[in-house]
Amino acid sequence: MSMTDYRKDFPALHQEIQGHPLVYLDSAASAQAPSVVIDAVAEYQRCDHANVHRGVHTLSHRATEAFEGAREKVRSFINAAKSSEIIFTRGTTEAINLVAQSYLRPILKSGDQILITHLEHHSNIVPWQLVCELTGAELVVAPINDQGELKLDALYELMNDKVRLLAIGHVSNALGSINPIQDIIAEARKFNMAILVDGAQAVPHMSVDVQALDCDFYAFSGHKMFGPTGTGVLYGKHARLEAMPPWQGGGDMILEVSFTRTVYNDLPYKFEAGTPNISGAVGLGAAVDYITAIGAENIARYENQLLSYLSEQLATIDGLQLIGTAANKASVQSFVIDGIHPHDLGTILDHQGVAIRTGHHCAMPVMDFFAVPGTARASLALYNNRDDVDKLIAAIRIATELFAE
Amino acid sequence: MSMTDYRKDFPALHQEIQGHPLVYLDSAASAQAPSVVIDAVAEYQRCDHANVHRGVHTLSHRATEAFEGAREKVRSFINAAKSSEIIFTRGTTEAINLVAQSYLRPILKSGDQILITHLEHHSNIVPWQLVCELTGAELVVAPINDQGELKLDALYELMNDKVRLLAIGHVSNALGSINPIQDIIAEARKFNMAILVDGAQAVPHMSVDVQALDCDFYAFSGHKMFGPTGTGVLYGKHARLEAMPPWQGGGDMILEVSFTRTVYNDLPYKFEAGTPNISGAVGLGAAVDYITAIGAENIARYENQLLSYLSEQLATIDGLQLIGTAANKASVQSFVIDGIHPHDLGTILDHQGVAIRTGHHCAMPVMDFFAVPGTARASLALYNNRDDVDKLIAAIRIATELFAE
Amino acid sequence: MSDANLDIENLRELYRELILDHARNPRNFERMADATHSAEGINPLCGDKLKLYFRINAANIIDDAKFEGSGCAISTASASMLTEFVHGMDMNTALQYFELLQQRLTAPDSPVEHAPLDLGKLRAFEGVREYPSRIKCATLAWHALRSAVQCDDHPASTE
Amino acid sequence: MSDANLDIENLRELYRELILDHARNPRNFERMADATHSAEGINPLCGDKLKLYFRINAANIIDDAKFEGSGCAISTASASMLTEFVHGMDMNTALQYFELLQQRLTAPDSPVEHAPLDLGKLRAFEGVREYPSRIKCATLAWHALRSAVQCDDHPASTE
């Protein structure tokens, strides 16, 4: 089966927008879901729903099995050692905030540092700014070069024993740059810092093995990997999670409550206060199955070829400048065009059925670095093909024509 | 149309469990969803999905309209003044934790008090314990009587200027007691405390008007009102929310990010960091429509009659003791039976297709008060009927027979 | 007409010549040192960021208006045209024009509130109606005007 | 047989006479003042809460076992039978019985690991297999035994 046959699995792709067949090139913002995911969620709600963990009746048992089954699928997907290391969150953002508030805030002191990079998504910047403000710690930012690659030497120079945490994206959402995360972690391990990897843009495009990476935390979102919105994962090493105080209080995260003494539940429940997004987790489990069946390596190989074609074709357009030309990239190509603001370009493309994202991509520091107010960004998933790229290019030519006069 | 005709709208109710037609009496833990909710979620995913708030293309616009449309439905459902007062959360638990961490934690000092009641769900206890631990404030608990009603005089006596927040359930999930919340708030307004109402068990069963109540915060969950899991709402008065620092940092909750200065977004986005549960919100909006079409008053009237029938029938069983006999109740009847542990009862009933909840119902202090390890709890929703009650009673008689020998 | 030409025709309804002209050559595009009122407008959707400056005299007349910043063609043109449009205008009248503009873009069929007012050149933005996600661009500068005269120092956002 | 009678017959497979007997009249149901090892077992699912006490001698033999607390019929009977069962037993053997019990309840068809061991009276719990949510009840006391001998002071939970 050729990769592009998978396109038919995604109902949202088969519609007309403004009288044109939809060309969806915004998967880095949120991917479409295949029918198997949509149906798994609906089927769960139609047949198996009840609250989890607390009931002896059949539906509650089925719901719990479905929910914990999804956790086990996620564990295997990123090769975590134990399923108790998989904490369900609303998304990457909540996962990172959990680490900021529950792991870092209690131990952070004035004089401590948090090391991030200039490539990060706001969700991997603002949570650290918030804890820095509360504790007097300092946020240190590793620089990038003109290709949008991390300057590794500079990053390594910023590593020292004052750094309590390195928080780093696996793949940049604005530029697509893939960081050599394995090497970086090895280097960081020479010091006593914890390591969080923001994998939101990695898991849909490549295989991830958290044990091989040896990171302390790995965060990602369901909706970027063909799962439902409202789902996400924080992987944490058991010992780290075990040592952390709970973040939110409520049902399910306790073994025993009285007004004088409260005993917290075991992992992962300690960090899952309240009724979780059960149907969402079921959908995420289905998304994991979907990706696994195709094979992360196959997806990566196919997308890499398509990304090269995309970047090449874009480069043929007069006045178009590629933003983000790292040697090692995934899924994403940002660009700007002389005299056409990205936002206008977005509208003109949408008018022709082509959906791209325009703006700062929640990575304003990257925009500042390239001294642009924003970029246009085309991002790919396994369901895209050369025809999508060709339609994008044709639509851009119309925009340049319109603005040229 | 008679109320019980609505039963057909709920696909999960039409199945066999252990060879018996399902009798679902566990809606207080989580309600089943009607087809319109399940379909709205699937339809959104099939046709309209994209990330919200950040895209100029058609799908992003549609997704944003659907998401913000759901917010407006929720606003109208609880009669909030502005839709910016509606913050989407994962559920009641997250809503309460948000208030604990973002409203209370920054202002709480040693010597301050948080006033709750003995009826509260763990989700309205543990978040306050966590902030008390961090700040040295004191958790004060208003007592209840043997019927499971709040002792109002005692509650009023505990009100004073040291109380920074009154956090009180609208309806008890373990006992069904309805607190006279309007009177209590009027009394609390004589002091300078903020007021949070945990409405998780109220919104599915009665009409709620947050402006008439005049509470500062009102929290509830989607999955208890026929919506999807992973959805919930924090209502907060605009001025309160405006004055609070953000809780989580990330995408969407900022207007501008740089490494030196970050400007937070307006309400409600300041409190909605990261990609929200968009499909869930769409489902919640459909659930609001569903309830509104039937009419909260009609639901309350019907359920009250059914609850009386349930309690009467249970009282006919030898050795059965009703737990929670407040004059004013909704939806729930807890009970224990001599010589049969609730957990065993739950299994025996499940074997006959009857789903009830057994245990502490995340309200261990209530169990301690009644000196029981747990109770059996049958809870009603608009889709239950007298036949469900009769089957429950017959199934309980089998349990007493089995354990009598 | 080919599909592509049809697309271009439709798009010209949005990107009218007047708008493209103001976007390419924004008027009054500079800092104002002696502004009595100023405000920032940010559209988080796309990162548009404008700063509007006004000199308003004792009689509430807008003596001068300038802007700087960066934005799309629609928001730049809108700011540029605003600075010309409100020049010499009573502040309250300017705010009424904002209301009128917003109404014409979002609910063109509703009864007109400020009947005697005439949008004049601002009619150029009527093409935005068909592009709901762009209405924010067309009104961002006006939001900032309102913030400025209300002395609100939080950046105006169109959300 | 009527439906109701059939239900009762099936349920008797779970609630066997031996279990009901131990549940109604738990053996060794008391605090132990001179315990060398003890642990709490909590099943958050249903609020079962047991405390197990053991006196283990220098040769690792369990000289005495007692329990207190409250639980359902299954977990109470399981604790009661455990205290009789492990009396005089080598601690490691007791842990092997735990493994065997768990295996018999969750994967009865898998090859038996501790072949020479015989569950004996503990077979009464085999009816639990059909009630997966109750397996935790049947093993809670055994989880607590393991915590106790491993000197883990966090309450054992079956999650």
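Order of writing sets the labels: A, B, C and D. Residues in every chain begin at 1.
The rule is short, and it goes like this: a residue touches a chain if its C-beta (ideal position, glycine included) is under 8 Å from a C-beta of that chain, and two chains touch if they have at least 3 such contacts.
All figures in this text were calculated on a predicted structure; none of them were measured in a lab.
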{"item": "From chain A, the most remote chain by mean C-alpha position", "value": "D"}
{"item": "Selected pair, greater C-beta contact count between A-C and B-C", "value": "A-C"}
{"item": "Length of the line joining the C-alpha centres of chain A and chain B, rounded to whole Å", "value": "31"}
{"item": "Distance from chain C to chain B - Cα centre to Cα centre, in angstrom", "value": "44"}
{"item": "Inter-centroid spacing, chain D versus chain B (mean Cα positions, whole Å)", "value": "36"}
{"item": "Of all residues in chain C, the ones touching two or more other chains", "value": "45-46, 49, 133-134"}
{"item": "Multi-partner residues of chain B (at least 2 other chains)", "value": "54-56, 60, 252, 254, 256, 343, 346-347, 358-359, 364"}
{"item": "Residues of chain B touching chain D in the complex", "value": "339-344, 346-348, 351-352, 358-360, 364, 367, 373-374, 394, 398, 401-403, 405"}
{"item": "Complex contact set, residues of chain B against chain A", "value": "11-12, 15, 17-18, 22, 24, 26, 29-30, 32-33, 37-39, 41-42, 45-51, 54-60, 90-94, 96-97, 100-101, 121-123, 125-130, 139, 141, 221, 223, 228-231, 246-254, 256-259, 262, 273-280, 343, 346-347, 349-350, 354-359, 361-362, 364-365, 368"}
{"item": "Complex contact set, residues of chain A against chain D", "value": "53-56, 60-61, 64-65, 252, 254-256, 263, 265-266, 269"}
{"item": "Of chain D, residues touching chain A in the complex", "value": "42, 44-46, 49, 132-134, 154-155, 157, 159"}
{"item": "Residue ranges of chain D touching chain B (in the complex, touch as defined)", "value": "4, 7-8, 10-12, 14-15, 20, 23-24, 45-49, 70-76, 131, 133-134, 137"}
